[in-house]
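So the structure is just underneath, and the comments pick up after that.
Here the chain labels run A, B and C in written order, and each chain numbers its own residues starting at 1.
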Amino acid sequence: MRITITGLLLLSVTPFLLGCGNYTRNGSESRKSTVTIAGSTSVMPFSEKLAEHFKIEDPGITVDVQGGGSSAGIQACLNRTVDIGMSSRELKGDEKRLDELIICHDGIAIVVHPQNPIKDITLEQIRAIYGGRLRNWKQLGWIDRNIDAVTREEGSGTRGAFEELVMAGTDIHDSTMVQDSNGSVKEVVATDPYAIGFISLGVVDAKVKALQVEGVAPNVENIKTQRYRMVRPFLYLTMGEPEGAARLFITYVLSKDGQMILKKEGLVPINE
Amino acid sequence: MNRRLANKENAIRLVLLLFALSSLLFLFIIFIFILSEGVPLFAKVGVKNITMGTRWAPTKGFFGIFPMIVSSFMVTLGALVLGAPLALGCSTYLSEYAGKKTKMVLKPSLELLAGIPSVVYGFLGVVYIVPLIREYLGGSGFSILATSLVLGIMILPTITSISFDALMSVPAAFREGSLAMGATKWQTVYKVVLPAARSGILASFILGMGRAIGETMAVIMVAGNALKIPTSLLDPLRTLTSNIALELAYATGDHRRALFSTGVVLLVIIMSLNLVANFWVKRRVDK
Amino acid sequence: MRINPRLIDKLMRGGLTFQALFTVAILVAIVLIIFVKGFPYVTTEFIFSYPEDMGRLGGIFPFLVSTLFLGVLSIAFATPLGIGTAIYLTEYTKESSLTRCIRFGVESLAGIPSIIYGLFGFIFFVIKLRMGWSLLSGTLTIAIMVLPTIIRTSEEAIKAVPNNLRTVSFSLGATKWETVTRVIIPSAAPGILTGIMLSIGRAVSETAAVIFTMGSSLRLPASIMDSGRTMAVHFYILAREGISLEKAYATALVLIFSILVINILAYYIMHRMIARFS
């Protein structure tokens, strides 16, 4: 019985060990035809979209997109465990060893539930809400209910950008709820009428309502004309010049087609 | 010929011993790695600053997890308060009142249903429980109440199963003796059987607690994950487990080490709970 | 005024029955909700096609494969170790401080929460051993996780084998090992198999330990070093990010259904084999 078990074990593992060379889905040759990208969960869905389209362009190359967060992606890139790292925040200190490439810009949108009648908010009010001083919607002209503020977790690139661009030194209060991705923040705001959150502009859809900040609507136009200031770059990072399949993918991302895809998703392309 | 046979037997024995020691080996490795990543920060920042600190801002150098320790205990207690009586009632019914056929259907059903993944509980909690709390009780819905409810339901199969075993192991003679003296069934259950199974029942509670305090995914979905110590049942909270899971992917350096420190604290709490539970179970056997 | 004890008896009986039914009802309701909301979306296409748009469209085929491999491989690693340990503890030694130590080790492993396994697997397999987020990292981590369950259930099953079987085997001249492999294990097989099946169920529904060791890649893993996403992880991501409620329910249904099937199979095999041997 033990022999059968060992036999089954070997049998089941063998096909996998044979595949250790990172075959593509078609079962063809070398690892050069896979590009691994990992990092910011904000950038990830857009990289995934680009990867899907790129597959149509160049079926021989598979782009494998992972999350993990901006910091993890930067680390992975420094360790050379991935070809390209994704970051939604600026590089700091030692990280600047990497080659960084801005693939687009992304706005940070302040979102509330669609039923929320408020349309505009000032930076001071956002700071007060997240700083824990402004706690009730009636202080903003709505009903008498507590504001359910939602933030991202510590270490998130989006949160880092939000803290830098909006909070300006004030700490986010510890009674704010925390979710660990744009999607889950959006989901909370979409289901809780009394919630408010900040998410990547590219993720905003009909489920939530994006507020005007100081009278400026968060859209691509206003970002390009710099009227909307809550903006951060999406970065692709490589250790040295990108080569081979990675270079082909990056070229695609920077091309008109790639940028068009990003634009359609609500991001701000770089070349226009 | 006999010596060869003896040698073969000895060799087999050795191999099996090594297999058996593997459990100890794994336990050892796990502890070593968790401790080696988590303990240095205790040395660097101070045990008190971490376990009693109230501010968690790891990117700025604050590693206080006291609010999370409190929150973990609060939801676990809440889960017990909500789940244990129900589970105990269920197991008492199964053991003392249910016929053989009912037993044969219900017990496996309970065990089958124990196989439901924890993320499903969390999801249904978000879809059904959280909005209800928000509508009728206030707050955002992501709260101690929601988390305790979800965890309470999750530990039902655990407590039911183990307390059922404890009740079933009470000798029939106890019951017969009581009934022979004229007691009603309920009086027998209440005054004879339950007390006799007390250690096992308590052990089931403790193991249920262990499961609740160690639960991660379901909690992240319904707790709101705020850092403050909750002051009301409707306040959001963050447990030790959620803290680790929320930030592990993004964390580097001291931040990551702090998450391992959180893991160390969690391990200490759960190991202690398990030791207590095992002690109580052993007492039952010795009695 | 003393209340009639017979009345109390009737009331409590009703109360307890209610509690039992309520408990079962809650758990059944959970399965029913998933079934009703998910069933319309579980089509053959859903099961066999690849996900698109982060899972908003398409199916769960790669996740099914990843889940299958995780379940099978982790059990493959854990079973020899687990049964071996159980055999050693029951057949090859008497109770001693060594066996107590080993049992302590097993009990402790069993008590460790899954997030700690996730932490451990992450730092040990993914980073220190440089396996990266991969099926291998995930499988090894989950194998250690289910090991205690296999040891426990195998031990119970082996202990339950009647002693006279052993005596008869020895008196016929068999060695200990022959007795173990040809008499005891076959006789204990139903119980052992149940333990294995339950462990597969547990491995497959794990999320915390899997996400940090296996990753969450949307691709079909082509080798054991590739990352993959299990159905439980996919469900978690779909649900939390609000990507697609329907697909979430559908994934949950496929997942729960698989676990239920495995558990039912376990009981069926156990009863069949017990019937055959008695």
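Following the convention adopted for this analysis, contacts are C-beta pairs under 8 Å (C-beta built on N, C-alpha and C of every residue); 3 or more make two chains touch, one makes a residue touch a chain.
Just so you know, these numbers come straight off a predicted model, no measurement behind them.
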{"item": "Remotest chain, chain B as reference, centres from CA atoms", "value": "A"}
{"item": "Top chain pair, ranked by number of contacting C-beta pairs", "value": "B-C"}
{"item": "Rounded Å distance between chain A and chain C, as computed from the means of their C-alpha atoms", "value": "34"}
{"item": "Interchain centroid distance [CA atoms averaged], chain B/chain C, Å", "value": "17"}
{"item": "Residues of chain C touching at least two other chains", "value": "80, 84, 240"}
{"item": "In chain A, residues with contacts to at least two other chains", "value": "67, 179"}
{"item": "Per-residue multi-chain contacts in chain B, two or more chains", "value": "126, 220, 249"}
{"item": "Chain B partner contacts - residues on chain C that touch it in the complex", "value": "5-6, 8-9, 12-13, 15-20, 22-24, 26-28, 30-31, 33-34, 80-81, 84-85, 87-89, 92, 101-102, 105-109, 111-120, 122-124, 128, 144, 147-148, 151, 175-177, 198, 201-202, 205-208, 211-212, 232, 235-236, 239-240, 248, 252, 255-256, 259-260, 263-264, 267"}
{"item": "Chain A residues touching chain C - in the complex, by the definition given at the top", "value": "1-2, 5-6, 8-9, 12-13, 16-25, 27, 45, 48-49, 52, 62, 64-67, 81, 179, 181-184, 186-187, 190, 207"}
{"item": "Interfacial residue positions of chain B with respect to chain C in the complex", "value": "5, 8-9, 12-13, 15-17, 19-24, 26-27, 29-30, 33-34, 37, 85-87, 89-90, 92-94, 96-98, 106, 108-113, 115-124, 126, 153, 156-157, 160, 184-187, 189-190, 210, 213-217, 220-221, 241, 244-245, 248-249, 259-260, 263, 266-267, 270-271, 273-274, 278"}
{"item": "In the complex with chain A, residue positions of chain B that touch it", "value": "55-59, 67, 126, 130-131, 134, 138-142, 220, 224-228, 235-236, 238, 246-247, 249-252, 255"}
{"item": "Chain C - residues contacting chain A, complex", "value": "52-54, 69, 72-73, 76-77, 79-80, 83-84, 132-133, 135, 181, 185-186, 215-220, 222-227, 240-243"}
